[in-house]
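What follows is a set of structures for review.
Shared between the two complexes below is chain A, which has chain B as its partner in the first and chain C in the second.
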Partner chain A sequence: MNNKSENFASMKRKQRIGNAFCYALLVLISVIWLFPFVGLLLQSFRSYATEYGGMVNYLVPKNFSLDNYRFLFTGETNFLRWYGNTVVIAIFVSIGQTIFVLCVSYALSRMRFKGRDFLMRFWLILGMFPGFLTLICLYFLLKQMGLTQAGAVPGLILVAVASSGMGYYVCKGYFDTLPMALDEAARLDGASRARIFFELTIPLAKPIIIYTALVAFMAPWCDFIMASYIAFGHDSSYNVAVAMQRWVFTNDYQGYFTRFCAGGVLVAVPVTLLFMFLQKYYVEGVTGGAVKG
Partner chain B sequence: MEKKTNPVVSGVKFLGNDLREIGTTFKEGDWKTRLSYLIMGFGPLSRGQLVKGLSYLLMEVLFFVYMVCFGWKYFSKFTTLGTVETTKQHRVTVYGDNSFLILLFGLLTIIAVLALIFLWRLNVAENRKEELLLKSGKTLPSNKKVLGSLLDANFDKTLLALPVTGVFVFTVLPILFMICVAFTNYDANHQSPTNLFTWVGLDNFANLLNFGSSGFALTFFKVLGWTLVWALFATFTSYFLGMAVAILINKKGIRFKKLWRTILVMTIAVPQFVSLLYISKMFAADGLVNSYLMKWGWIRTAIPFWTDANLARVMIILINIWIGIPYMMLIATGLLMNIPEDMYESARIDGASPFAMFRYITLPYMLFVTGPFLLTQFTGNLNNFNVIYLLTQGKPQSIALSDNAGQTDLLVTWLYKMTVNDTNYKMAAVIGIMVFIVTAVISLVVYGMLPSVKSEEDFQ
Partner chain C sequence: MKNLSKVLMGGMVATLIASTTVMADTEVKIWVADATVEFTKEKAEAFLAENYPDYSVMVEAVGEGDAAQNMLTDVEAGADIYIFAQDQMSRLVSAGALEEVAPDNVPVVTESNDAGSVSAAMVGDVMYAYPVTSDNGYFLYYDKSVVTDPTSLEAVLADCEAAGKSFYMEINSGWYQTAYFFGAGAQLTYDTDDQGNFTACNTGYASEQGLVALKEMIEVASSPAFVNGSSVGSATNIGAIVDGTWDATSAKEVLGENYACAKLPSFTGADGATYQLSGFGGFKLLGVKPQEDEAKLEVCDALAAYLSSGEVQAARYDAVAWGPSNLEAQKSEAVQADEALSALAEQLAYTIPQGQYPGDYWTLATGLGDSIIAGELTAETSDEDLMAALQEFENTCISYAE
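And now, the complex of A and B:
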């Protein structure tokens, strides 16, 4: 009896030491993962006027100021325009891609038609070509339509939405898990395919719709390759990524580093909040996609 | 299991049958059917099938309008890609042929011709179907019904029309175009519209495999080697460490699980161009890390995080772990919960150590379930543009590599540089084809070896 309780106590102690170790590890991980964001935020408050906007050898600014944020909003640059462009692109791409992906997923998951296997295999092969291979060709196609430089915003939306049907995998995987019996019952009751799609499948697919829209919404914030190529040299058609990466890369922008940080904070905060708010759906989509491949 | 048949033989057989059917349709058909061979959709139109007949007719008219006004002009020069140079006469530029447009619209014309042949065949089959239906005493479906089927039995066509067109115009056509460019001399010296470019056969591929000082081979294989090493490390470090972190957070007795997860997930939420650019500056020579290490007196001179090739490579892989762990953690968290708890319970009673439990229970299950995911991660990493470009832009440069390739360049970032900086489109196209071949070969080989593929149906 005595022996047993002693055993129990030692086990508990062992567990407590193990847990303490785990907590230490988790805290360390958290510090590493959060450090860049904390740094970004802190440095965005360093003043361009009283200190220096470039690289310095300390993290916490000596005086906190909102200089950099003021700079972005007072119209010295097109920052508000860039931000607006990005929001517009993100919203339209999100809507367009979601519609395309839903259409393709329903057709491929629910219907069996001639050429279905061919289409899936063909698109799979197409996906193995690197995306940037076709950069110049896309540029000339858009130029023929007048959608470069000044028209870059609708051009970028068009490019992003047009080929998005190929990204149907996660959504189709989700549709595959919805029982076929539901569709069959509705068809026996005389519902057409279109009615089933709009009134049965789409309401059931809410999580995957949110996932698709969220992922599509986040991508344009990062897009600087396609955007810089298509908007080339036309400042007011830039998105935030294209415009602000200059502040880090190019030497002409010495001292713009803290301004980049401020802009980065303004970009990151709303996107991150939205993401955190819809995190549940993201996790569901990502996990489902990983398992079904 | 599929029967093994010779694809050539079955293809010829198929074609033979098809031709015979076209013949019988003509022989047994009435005059309406026979006229449809010339005027598409005439048969359905004269039998009252307005919707079908008109669409066939419209397609044929559109095709000829396209050919006459547009297509033929370009297609006729397709074999040379243009011969008339752009010249300057009295300070006025007189534009000659535009090789770019000739190639692009020449391809479009070829596709249009193939599409018309396909439609023509459908048109013949439609006539046959209608005749047989009428002969057997049935009536043809009303036009309203034909249109209505687009929302029911033929709903797939309605749904897929726009997405397939979009993919065709913005992916298929550009890819075909770039494949053709790989067989031309389209580069900085042959830029349309000022200069012509033309077909050069396999010259560019010969250049790619030329190990001489003017050839691409040395650089190509070095970049390819790093691309593969990178993809391997990037995939597996994130995979195992992400799983480890998921297990750590899932561990019994650990509190604030949601908090830890949320902190990690921040990396996914914040746009990479913000976080990665910031990190790349953090490790710059005048960045935070170096300046603090110097201030504390740990180092004298800045650590060359981005200027030393090997260090830069290690850094990229390490920072990619920072990106990769959260994704894997999310996925693993969901999957780990699927493993029945009593398996661990009985293992514990048998006296298994935590490591043994991981090795013999967790890992086999995870590898089985996430096999296809690992494969897509690997091919995704082969083409992982953002991480490399935002951190190093492929730098440091080196004289050991030709054509502006940097020491940390992947094939895709090199391809991008060739397109944008050097306008060396022909070699960019060749590299693009090589990336495709590498991706396709790896996918095919690995996919066949995955254990979960063989029992794919179990999951559906």
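And now, the complex of A and C:
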């Protein structure tokens, strides 16, 4: 009995040491992980008017001020325009891509037709090539249609939406988990394919729709390569990423680093909010869609 | 059949769009640095309204440092007129992004601008651009309360050491390094043909002069006050810094009342002789893109000539403090009173106008500087070994032009 409790105590101690070690490690990792974000946030409050606006060797500003944010909104630069461009592109891509993905996934999940397997494999392989490989071709194609530079915003929407059907994988996996019997029952009752899709499948697929829309929203929101190439040299078509990276690199923008940080914080806000509120669906969507199908 | 007609329709719409954009081409697109967008727009609009009322202008913010990269993305869609830093010249010429300066304008440009900027605008015997500024180069910013004699490098270092301040110079940059080599009398230039290709390398780094320069760099790097760097923004303890006019505002802010500028100091070489630090002189140039439409080319040429004229250069100095290349504009009172520009103007007399250098040169030079900073080359290294390092550097430089 005595022996047993001693064993128990020593086990507890061991567990505690183990836990302490784990927590210490986790705290350390999270400090490292959080550091850039905290740095960005703190720097964004350092005024470029009273302190130097470039990179300095201290983290906490001597005086907290909102000068950088004020700068972004007072029209000294096109910041609102860039932000607007980003929002417009992201929203349209999000809507367009979700519609396409849902349609393609539904067809592939529910219908059997000639060449279905081939199509699925072909798209999967195509999807493995990074999109920017086709950048130069795409650029000249868009240029023919007047969708570069001044027309870059619709151009970027078109590019992102046009190929989106190929990203059917997770969504189709989710549809496969919905029982086929439901569809069959509805068919027997005389419902058309469209009616089944809109009245049966869509209401059941809320998590995957939100997941698809979120993923579709994120890609153009963070896009740099496509946007910089297609909008190049045309300030009012830039998205935030392309426009603001100039504030870090070019000699023309000395001391813009804190303003860059403020812009970065503003870029992060909507994405953070979206994820916070839609997290529940997001997890359901990913796990639901990950079933092999 | 239905599908075919759809495809045809689509094609027609695409051609229609393409052709309308070509037809409506009376817009001159200009790329300049963000700070000068408003200024350029105002000047260009006034000029066009007076002389070519059918044409309009669109000014976009593309800095002169990024001009080549952006132009080369798609020359056709790039700007009609753009300002670029002269080291991008060869790339732009070989990509067909620069039209030769109209023959009528050449004598005027040659006469009215300083010799350095004119030679920077030439490739071979052909003038490809209009000089706009002569303000790209480096000189010494220093703290008056620390440095008492800015004319001698030894004195500057001694003062910084005594005050516990730092002396900043980016010796691992191919740009700043030439201050020592050119100063000691070694040369490194490349010849280019009309197409901008490198045909020959003129170098004398592996020589007595090169050795003097390398030893001086080693000596400077061995000072406890030395810090490798050239940006006021990242310097934390400035006694003196070798930097350019683009940092003038920050330097003024950091050094406050003790802000002062001077040409680069001279140094006493290992052979006992005195050498003046030299370096590159740099220039901003205004280029015109080749045009299919002769009439538009004429407008672009006239506009470029105007935007680079003495009158506009002087106004540009007043607006954004870019040091003019125009001889008349250089004599204006405002320019004369600018401490940083005056120091630079003084220094530019000792520099070599920066020609075209292969991209690999900059990496190579960084390697040489790094081996000094890392202590691979030190005061203890024998002359033979130093010479061997220089010989290798020289051979590699020559290989770029083959």
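Points worth noting:
Heads up, the rule we're going with is that the second predicted complex is superposed on the first by the 280 of 293 C-alpha atoms of A that agree within 3 Å, B and C clash if a C-alpha of one lies under 4 Å from a C-alpha of the other, contacts with A are read in each partner's own complex, and residues count from 1 in each chain.
Assume contacts are C-beta pairs under 8 Å (C-beta built on N, C-alpha and C of every residue); 3 or more make two chains touch, one makes a residue touch a chain.
The model shown is predicted, which means the values in this text are computed figures rather than measured ones.
By the touch criterion defined above, A:Ala107 reaches chain B but does not reach chain C. Look at A:Tyr253: by the touch rule set out above, it reaches chain C but stays clear of chain B. By the touch criterion defined above, A:Thr148 lies against chain C but remains apart from chain B after alignment on the C-alpha atoms of chain A. Once the two complexes are overlaid on the shared chain, A:Tyr229 sits against chain B and chain C alike.
Within the superposed three-chain model, A:Trp82 lies out of touch with both chain B and chain C [touch as defined at top].
In the overlay built on the shared chain, the residue A:Leu40 is in contact with chain B alone; chain C does not reach it.
In the superposition on chain A, contact is made by A:Asn57 with both chain B and chain C. In the three-chain superposition model, chain A touches both chain B and chain C at residues 55-57, 229.
Residue ranges of chain A in contact with chain C, taken from their complex: 52, 54-57, 139, 143-146, 148-149, 229, 232-235, 246, 250-255. Considering their complex, residues 15, 19, 22-23, 25-26, 29-30, 32-34, 36-37, 39-40, 55-59, 100, 103-104, 106-107, 111, 113, 116, 119, 123, 125-126, 128-138, 140-141, 158-159, 161-166, 176, 192-194, 197, 218, 221-222, 224-225, 229, 241, 244-245, 248-249, 257, 260-261, 264, 267-268, 271-272, 275-276, 279, 282-283, 286-287, 289-293 of chain A touch chain B.
Listed in rising order, the residues of chain C touching chain A in the complex are 14, 17-18, 21, 31, 33-35, 60-66, 70, 73-74, 77-79, 233-234, 236, 246-247, 249-250, 253-254.
Within the complex formed with chain A, the residues of chain B that make contact are 100, 104, 148, 151-153, 155-160, 162-164, 166-167, 169-175, 177-178, 245, 248-249, 251, 253-254, 260, 262-275, 277-282, 284, 286-288, 291-292, 294-295, 322, 326-327, 330-331, 333-335, 369-373, 375-376, 379, 383, 385-386, 389, 393, 411-412, 415-416, 419-420, 425, 428-429, 432, 435-436, 439-440, 443, 459-460.
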